[in-house]
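Structures for review follow.
Look for chain A in each of the two complexes below; its partner is chain B in the first and chain C in the second.
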Partner chain A sequence: MARLRNVAVVGFAQAPIVARDEHRIATEMLYPEIRRALAACGVERDAIDYQVAGSADYLDGRPFGFVTALDVMGAWPPRQDLHLEMDAAFAAYYAWVRMQAGDCDTALVCGYGKTSEGEPRRVLNLQLDPYYHAAIGLEPVATAALQASAYMARTGVTDRDLAAVAARNRGAGARNPDAQLRAPATAEELLRTPWAVEPLREGYLPPVGESAVCLVLAAEGKAEAMCDQPAWIHGADQRIELQTLGARDLTRSAGATLAAEKALAMAGVGRAGDIDVVELCATTPAEELILCDALGLEAHASSLSPSGGPLCGHPIMMTGLIRLGEAFRQVSGRARARRALAHAAQGHCLQHNLFFVLGAERRWA
Partner chain B sequence: MKRPVAVVGVGQTHHASRRSDVSIPGLVREAVDRALLDAGLEHADIDAVVMGKAPDQLEGVMQPEQFLAGAVGAHLKPLVRVHTAGSVGASTALTAVTHVASGLFERVLTVAWEKQSEGNAMWALSPNLPFTPPLVAGAGGFFAPFCRAYMARTGCPPHIGPVVAANARANAGRNEYAHLREPITVEDVMQSPVLWDPIRYLETCPSSDGACALVVASAEAARKGPRKPAWVKAGYSYAEAMWVPGRDQVNPQAGRRCAQAVYERAGIRDPWKEIQVVEMYVPFAWFEPMWLENLGFCDLGEGWKVVDRGEQKFGAHLPVNPSGGVLCTNPIGASGMLRLGEAALQVMGRAGARQVPGVRNALGHAYGGGAQYFAMWLVSDEP
Partner chain C sequence: MSEPPREPVKYVETQVRLPYHYVAGDYRARYLRALKDRKILGARCSRTGKVIVPPFVTSPESFAPADEIVEVADHGVVTTFCVVNIPVRGRQIELPYVAASVALDGADISIYALIQECRPEEVRMGMRVEAVWKPDGERQGDHEDIRYFRPTGEPDAPIESFINRL
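And now, the complex of A and B:
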């Protein structure tokens, strides 16, 4: 692996995930998080070279919803800027690529959007192939149920196993002040919740939630002054697969396998099992098990998603970036993890996967 | 940038108001296939894909790159989807350039598209928001006051818009891919109805179906290609806030800064003397003189005089939009990439009947939002 530029996550702020913030629009939710993230880094907006955001017009219910975020991101005087119609974790990925190109040293990464203003299941139906998939009414819970039942058929995993995965996440979420679901739940309790779409029960799925997130990246030379313990990016990789449900094996994630392999190789890590903490962007227990298979990790391992993961809070378009923020907290906060793996995914049935490997030490000398 | 980047393939579709002969994937694939063929490459040679388009509401598919992953050959590759309003085609190409400049990728495919016939852009661009007076009917309603302000500020006479529109059509006549190619006279434009004062029907861009794709590559990869590449000397995208006192949408700061950054990086001291052709984003005719000033080709208040003297015509000192530009072809998401791709074709010397002779440096430019997003690149015939 060629020597790359050492770039670190140096700041992160997140609005606690709530079912609905009645009193604030998306940009009002975002602004205080930008201020908090910059304050934590001890800098003002002028210290940031580049800004990139992730959001979706369809969540906003209008075209160009992201334009209004320019005002709270501080685009005056005009700034170098980009907006991705993706989970903001991909905005962080691109900011990292951009910093590798060498013409910026610091970047602001924002994710925002009011999931509660529409009906996410109906909205996300529109992601599907308009000619064949969307028209028959498939939506993310239905596609996830197809995936879960295929996985159960292939592996023999049972309803009880799914409940156990969900219960472990709920237990972890109870310790996360930013989580939406903070009451722990046992597998027995979750097993009694009704089907959402069989074999997925209501208790196995995230509730509708919204938040706003800001993350700050800085390159070596700037990062040290902005953070006592920067979380250095040791590796990053992302892969998309075909959307067509019949064209891929839904019980395995080829994209997650490949992206993790590349990110770990970049980080010089032999296997995911050598990582202290793994934050997974799994929106169902079946997805979590598929990701564990892809990473070669033991299901139910104690290193998995100490935040409670998306099952305890899933603000669409920023759920992935929150995983990166949580990994930063593990490396930079009191836990002082040596290395953390952050996963982000978007699209139906884990279509598009992204991994970051973070570490407490610089990767490249 | 850490290392030089070149454009090695350019592809575009034939543009029309309704490409009912192809699906969305078919349309996108048409441009991708042409760009790869042009570069002498196959999908297997591509390391990553960067896609851009304007609001997803225009076709009614959310994040359509997800269902188009197969059509653009992105399966098991990195993919990034950009959306920066009207400037998106240009900022998408620049995102691909950054991928290569980073040293992480050798050859990146970038594609931008819009299939406006799948929806109704006028509806999609007329949002009715709570607590906001519904005064904006499409982009023209938003931009017309700035055209009027430009006229008031500079004394730009009423025939300038029609001159720009007629010239754009004359240019599109030489571009086999353009959507509107029938010649029109200045008189025709004058006689066409006013849609949003002062913008007349024939001073307005059409709604088009179309796509554009480019392959960008490292210097090493570019030199292995079958053709002379276009070298990206500089490229930047800037944005400015919406609600700021002192903003000037007639001569936006973000546009000036972006152009300045590009010229500085590319070593251009006098754009009027050193740039031989410009492809700029002119969705309404009056923006051509405004951008001539904003991009530093002339002093403030002089843009309309450049047009009046005919110095922007094909064969004159600084041909503006020899492709016919946005006024003749407007698949919104692709319009910015078409500007950058046309600029690349000009320095490659492969722009066909619309080729301007002796182009060393060409500027490609796009803007979007409420004149807030600017993205441009300067390409040259040598590194």
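And now, the complex of A and C:
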């Protein structure tokens, strides 16, 4: 592995996930988080070279909706900027790539969007092929249920197993002040919730939620002054799979397997089991089990998603970036994890997977 | 591949309907409510003191919070304008009409407004104008509460007074 530039996550701020913020539009939710993230780094806006945001215009309900965020991102004097119609974790990946190219030393990465203002299931139906898949009304819960059903058939995993995965996340989420679902729930309770789309019960799915997040990246030489314990990026990789659902084995995530393998190799880590904390972007219990298989982790491994994961809060377009932010908190905060793995996913049935490996020490000498 | 069918399907119709329910947000709610009382509100930047209309959470220019709500005048100066000769969807306005940026007295950025009660060729940068409100009892707390702006007949404002408030 060639020597790369040491880049770290040095700041993160997140609005607690809520069903609907009645008092603020999306940009008004984002603005205080940018200020909090910068304040935590002890810098003014002018100290940041580059900015990238992730959001979805269809969720905003207007074309080029992302430009409204420029008014709260401190985009004056004129800045270098990029917007991705992707989970903001991919914006962090892009900023990291720019830093590897030496284009910038510091970056703001923002994710925002008021999921509650539109109807996300209708919007994400349109993400599918318009002739065959979207036309019959498939949307993320239905495609996730197809995946869960196939996974249960192949592996023998039962409804009770899914409930146990959801219950573990709910228990962890009860300790996360930014989570939307903060009441723990037992597997027995979740087993009694009605079917959303069988074999997925309502208790196995995240509620609609919204938030705003800002993460700060900085390269070696700048990062040290901005954070007492930077979370250095040791590895990163992302892989996308086919759009046609029928052409994929939905019970396995080849993309997650490959992306994790590459990211861990870059980090010099032999296997995911050697990582202290693994934040997974799993929006159903079946997805979590498929990701565990992809990573070679035991289901219910003690390292899994101490935040409670997306099942306790899933603000679309920033759920992945929140995983990276949670991994930063684990390495940089009191938990003092030595290494953390952050996963982000987007598209139906884990179509696109991204992994970051964070570590407390610099990766490259 | 065999021959295509004699009567091929040429088109597929896809109907997309996406409803949205936007929150106004506290800033807009206060601004719109004030229109009902014939008042126009702005927010003062905590760093530069500039007043942004309509009020917004931050000054986009300075990045500082703008959390002090202030009232500005319902009259000001035309800073730039255009004469519209094409119909606008959803609005019944006689053509041609003048769309202008108006810097209200007390505001540091301009708002968009219609200029009426004068001929389009009479409108000029620096012209003093005032809001024509809907009558009492008819104002709803929306942008239609100001029907348009009209000339006041006062002497024109010097360009230095508005060139930075376009």
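Definition applied: the second predicted complex is superposed on the first by the 365 of 365 C-alpha atoms of A that agree within 3 Å, B and C clash if a C-alpha of one lies under 4 Å from a C-alpha of the other, contacts with A are read in each partner's own complex, and residues count from 1 in each chain.
Quick note on the criterion: contacts are C-beta pairs under 8 Å (C-beta built on N, C-alpha and C of every residue); 3 or more make two chains touch, one makes a residue touch a chain.
Not measured: the values here are computed from a predicted model.
Judged by the touch definition given at the top, the superposed model places A:168 against neither chain B nor chain C. In the superposed model, A:131 lies in contact with both chain B and chain C. Once the two complexes are laid over each other on the shared chain, residue contacts for A:122 go to chain C alone; chain B is not touched.
Comparing chain B with chain C, the partner in contact with more residues of chain A is B. By the document's definition of touching, of the two partners only chain C reaches A:28; chain B does not. Judged by the touch definition given at the top, the superposed model places A:339 against neither chain B nor chain C. Once the two complexes are laid over each other on the shared chain, residue contacts for A:222 go to neither chain B nor chain C.
When both complexes are overlaid on chain A, the residue A:329 reaches neither chain B nor chain C. By the document's definition of touching, neither partner reaches A:314: not chain B, not chain C.
When the shared chain is aligned, chain B comes close enough to touch A:79, but chain C does not.
When both complexes are aligned on chain A by C-alpha atoms, chain A residues 58, 70-71, 74-76, 123, 126, 130-131, 134 touch chain B in the first and chain C in the second.
On the chain A side of its complex with chain C, the touching residues are 20-25, 27-28, 31, 35, 45, 58, 61, 70-72, 74-76, 114, 116-119, 122-123, 126, 130-131, 134-135.
Per the touch definition, chain B reaches chain A in the complex via residues 1-2, 23-24, 54-63, 65-67, 69-70, 74-85, 91, 95, 98-99, 101-104, 124-125, 127, 129, 236-244, 252-254, 257-258, 369-370, 372-373. For chain A in complex with chain B, the touching residues are 2, 4, 56-58, 62-64, 66-68, 70-71, 74-86, 90, 93-94, 97-98, 100-103, 123-124, 126-131, 133-134, 237-244, 247, 254-255, 258, 346-348, 351-352.
Only residues 12, 14, 16-23, 25-28, 56-58, 60-63, 65 of chain C touch chain A when the two sit together in their complex.
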